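Labels run A, B, C and D following the written order; every chain starts at residue 1.
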Amino acid sequence: MIKGLSKAGIGQVRDEEFIRLAAEYGFGAVDIEAESLIACVGLEGAIELLGQHKMLIGSIGLNVEWRRTEDEFLEGLKGLAQSAAAAAALGCRSCCTYILPATDQSPALFMAQAVRRLRIIAEVLGAYDVKLGLEFVGPHHLRTAWKNPFIWTVNDTLALIDAIGLPNVGLLVDSYHCYTTGFTADDLRKQLRSEQIVHVHINDAYDLPVGQLLDNDRLYPGEGVIDLQGFVKSLGDIGYRGVVSQEVITPLDATESPDQLLQRSKIGFDKVFS
Amino acid sequence: MIKGLSKAGIGQVRDEEFIRLAAEYGFGAVDIEAESLIACVGLEGAIELLGQHKMLIGSIGLNVEWRRTEDEFLEGLKGLAQSAAAAAALGCRSCCTYILPATDQSPALFMAQAVRRLRIIAEVLGAYDVKLGLEFVGPHHLRTAWKNPFIWTVNDTLALIDAIGLPNVGLLVDSYHCYTTGFTADDLRKQLRSEQIVHVHINDAYDLPVGQLLDNDRLYPGEGVIDLQGFVKSLGDIGYRGVVSQEVITPLDATESPDQLLQRSKIGFDKVFS
Amino acid sequence: MIKGLSKAGIGQVRDEEFIRLAAEYGFGAVDIEAESLIACVGLEGAIELLGQHKMLIGSIGLNVEWRRTEDEFLEGLKGLAQSAAAAAALGCRSCCTYILPATDQSPALFMAQAVRRLRIIAEVLGAYDVKLGLEFVGPHHLRTAWKNPFIWTVNDTLALIDAIGLPNVGLLVDSYHCYTTGFTADDLRKQLRSEQIVHVHINDAYDLPVGQLLDNDRLYPGEGVIDLQGFVKSLGDIGYRGVVSQEVITPLDATESPDQLLQRSKIGFDKVFS
Amino acid sequence: MIKGLSKAGIGQVRDEEFIRLAAEYGFGAVDIEAESLIACVGLEGAIELLGQHKMLIGSIGLNVEWRRTEDEFLEGLKGLAQSAAAAAALGCRSCCTYILPATDQSPALFMAQAVRRLRIIAEVLGAYDVKLGLEFVGPHHLRTAWKNPFIWTVNDTLALIDAIGLPNVGLLVDSYHCYTTGFTADDLRKQLRSEQIVHVHINDAYDLPVGQLLDNDRLYPGEGVIDLQGFVKSLGDIGYRGVVSQEVITPLDATESPDQLLQRSKIGFDKVFS
């Protein structure tokens, strides 16, 4: 597996600096926008920068708003091919989006719409040999944050993936969402195959009743109560060899410097991957 | 358009007799199971019987239970190709199923499942050049007959059809369900194209508030308050040339003879199609 | 049906002038690039211009090179959503491309590639409710213009469409290609359904043996030997209500003015549609 | 990986005996028809028999004739769901078919047809969680055994798989076909991912120029010139953990007893897997 970082947990830092720091602290991947990097330093510059630091891009984010109006969807779709081409040009084969566990719309209609829109998105990504990773979102408070419950479990997300029916769609497995939906390391090892996983997020949880954990108040890996060693071991057992990216979402910006946060992340990863 | 009959409204009558009677009263199509007819009289016998009475089969029913457990779905799927082949052998190009407007399952998961299962079903039917018609169900009391609302409008059903994403899936448009969902003849003419329609049901409604109309208590065409002339005219205006089948679901079996019921149906059709 | 014009047969004329002239000579549609028109006069300007002349855009052309290298395909794909959005914004629901009847590549591999690429293209177009029309190309000399024969008949093109398997893919039916593949007006009426047709081209052929007719040496409708009245009548019989666009490809640029050529086209259409 | 046997190389032996012998000689899988086994000994009997010998079914064969007329295809399709259900009931998740490298039909049309038919087949198999494995066929003499070349390389087969576009379609990788198409162990390790492989065949080749090797005259693993150790090692390197089944096709039936042939197979596997 490849240790990766997103900026959630590191703070605002320019892509070039982020790549340099990530390499310095022993990470092999960063989750950044390929298109932005290329816009900044050019395609050749981006390839050189990544190569020089032996850095991969773990995943780009999906910049198409598939959850709201048809107009917003169609507007976003215009830029997707360009975004996927940028990812592919930098060797990144993954593009991820999250699924909120509740919706103000009719859940049935929202699902039908999601299947159609995500299928179109996946076809475009697939043209560039990029996979679409769907992240289920576990924290309980979000299940009632909108009018109607939608989906939040591994199984329901797999049902959505099966409904889409394309080869390049899989899961983004996030340790926090696994924990808050009761999907254990053991479940992961027994129920998932590595080819179902497009990307992995890692982060930790406070020692609180699961139902009280907040989506935007997570801990650095190794600082909380989730069995992340088991999580990572199960990923290895099923043959997952991709990127495991830290994503620590917190209510306030960190007061430490990026250097200090990277040091802290490194310690967490060392512990979890030991 | 071709005037058709289902047995709902005519009563229990054997297929051969049904075909003979339908022809006698000027109908051009019956909705029966092609496979059963062939089982009774053989393939050649069935072709001859239909040919001799210039009778088409309007639509067969879908005999795969796609709404319940995976086991039931997979069990039913075993017989689908055979059933589609029988329909095709008798020139019938339509297979229909209805969608209940509520469900005890999670509506989102139920929709994801419906998309996947109906896609598989449609692929098999399509192999035999048979279309899948989806019937939305309008009566209000059914929307609360199970725990969670599902879908019941033309638009939501079209969203399901778009999620399935195959060329041979369309609507079964039933006049009762249009009426109970407020989809008028004018809406039909403006919003639907004929190639979206796989099959049509016709029947009438009591003069009651729309919210009180029961799914299983319908009237013969022309005996109620639905503007069926407008309905049929709109179908014609958009270029629909297929079968319009009577389906009169009632709480009690009719006390009249099939002959009398056919006579009654004929009068209704004559009025509506005039 | 709606009488339409492409610039093939009219000559180089700016879009605005083309629209004005087309309207003046009684045409209801022009085949131009929606995106170019919007680039010239703005979205509102384009809508107003078309509205003022009661003019539709019959079809845009597909600007994705799906026949050559993967790189060219992926490069072109970047602009497709934008192009489809422009078409949709101007009410145009059709985008067409032609299929050459021979290829230097392995025909089997070329077909597998065509299915995949055209499926991706059709998914993107479908998002904007735009159809993809595939034009088979009949002239015999082109069948040997590259190393290996590919496809050129209606039936083979329908097989490709079935392999793509999406609801928004159909035929561009061109009278010249029908004539040079022996697909008669009678065949059209008996074998095609209107929903299989995305767009229609009309033009005429010299009185030569069919095997000698050249792809780039066609006549104006009504000036040659094709039974175009029968062609148009069959289209009407099967319920086609879309655009029939003139496309007259000639080896030399016409020496007449656009005005004269429009007059000539008008005479041809009047004769054919009489 | 799991060592497996097909009857090609063992001779005619009843399924029950075959399972017993395979277990005795240390094999973990047999390629037999699940449906036939169930027909012989019942579902419970089959489960017990396999369980008692710790034996898996590696793959069933596809009993739908997708290469010839539409009638044959549609006839075969009737039995597919039943066949897939039988495989699934016995824990077998793979169904394989081969692709001949030449065809008497137009290669382009044959490909379009193959994509459509195999997509329908894969959808039905997928319902039962069974994968479809496509076997490319390498021997050179078959490339001219019919009028037109079709496909025979890994890359072209992957292009077909991409054209089908479903998640449950992959390769059957056969060592003989790899060898005769110049696809080395190194190529396998560098170019394939394990999830692209549905099933593996192993067998060996005479020490002849590659162009002279016959499809139906193969050797037992370890008795010929193919680098099977490298082949198996590459499979392991990319994470393949499925069945590797011996398939030794020979012009004459073996004169040795099944016992002797199994002993011979065991020696070959021991050598190759050492």
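As a convention for this text, a residue touches a chain if its C-beta (ideal position, glycine included) is under 8 Å from a C-beta of that chain, and two chains touch if they have at least 3 such contacts.
Each chain and its UniProt protein: A, B, C, D = Sugar phosphate isomerase/epimerase.
Just so we're clear, the structure is a prediction, and the values are computed from it rather than from any experiment.
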Quick one: which chains contact chain C and chain D both?
-> A, B
Copy-to-copy rotation for chain A and chain B - C-alpha atoms, rounded to a multiple of 5° | 180
Contact-richer chain pair (by C-beta pairs counted) among A-C and A-D | A-C
Separation of the C-alpha centres, chain A versus chain C, in whole Å, is 44
Which integer distance in Å separates the CA centroid of chain A from that of chain D?
-> 37
Going by residue number, chain B touches two or more other chains at 119, 165
Residues of chain A defined as touching chain B within the complex | 106-113, 115-116, 119, 148-151, 156, 159-160, 162-163, 165
Please name which positions on chain C make contact with chain B in the complex.
-> 165-167, 169, 193-195, 239, 241
Quick one: which bits of chain A touch chain C in the complex? Just the residue numbers, please.
-> 73-74, 77-82, 85, 88, 117, 119-120, 123-124, 126-128
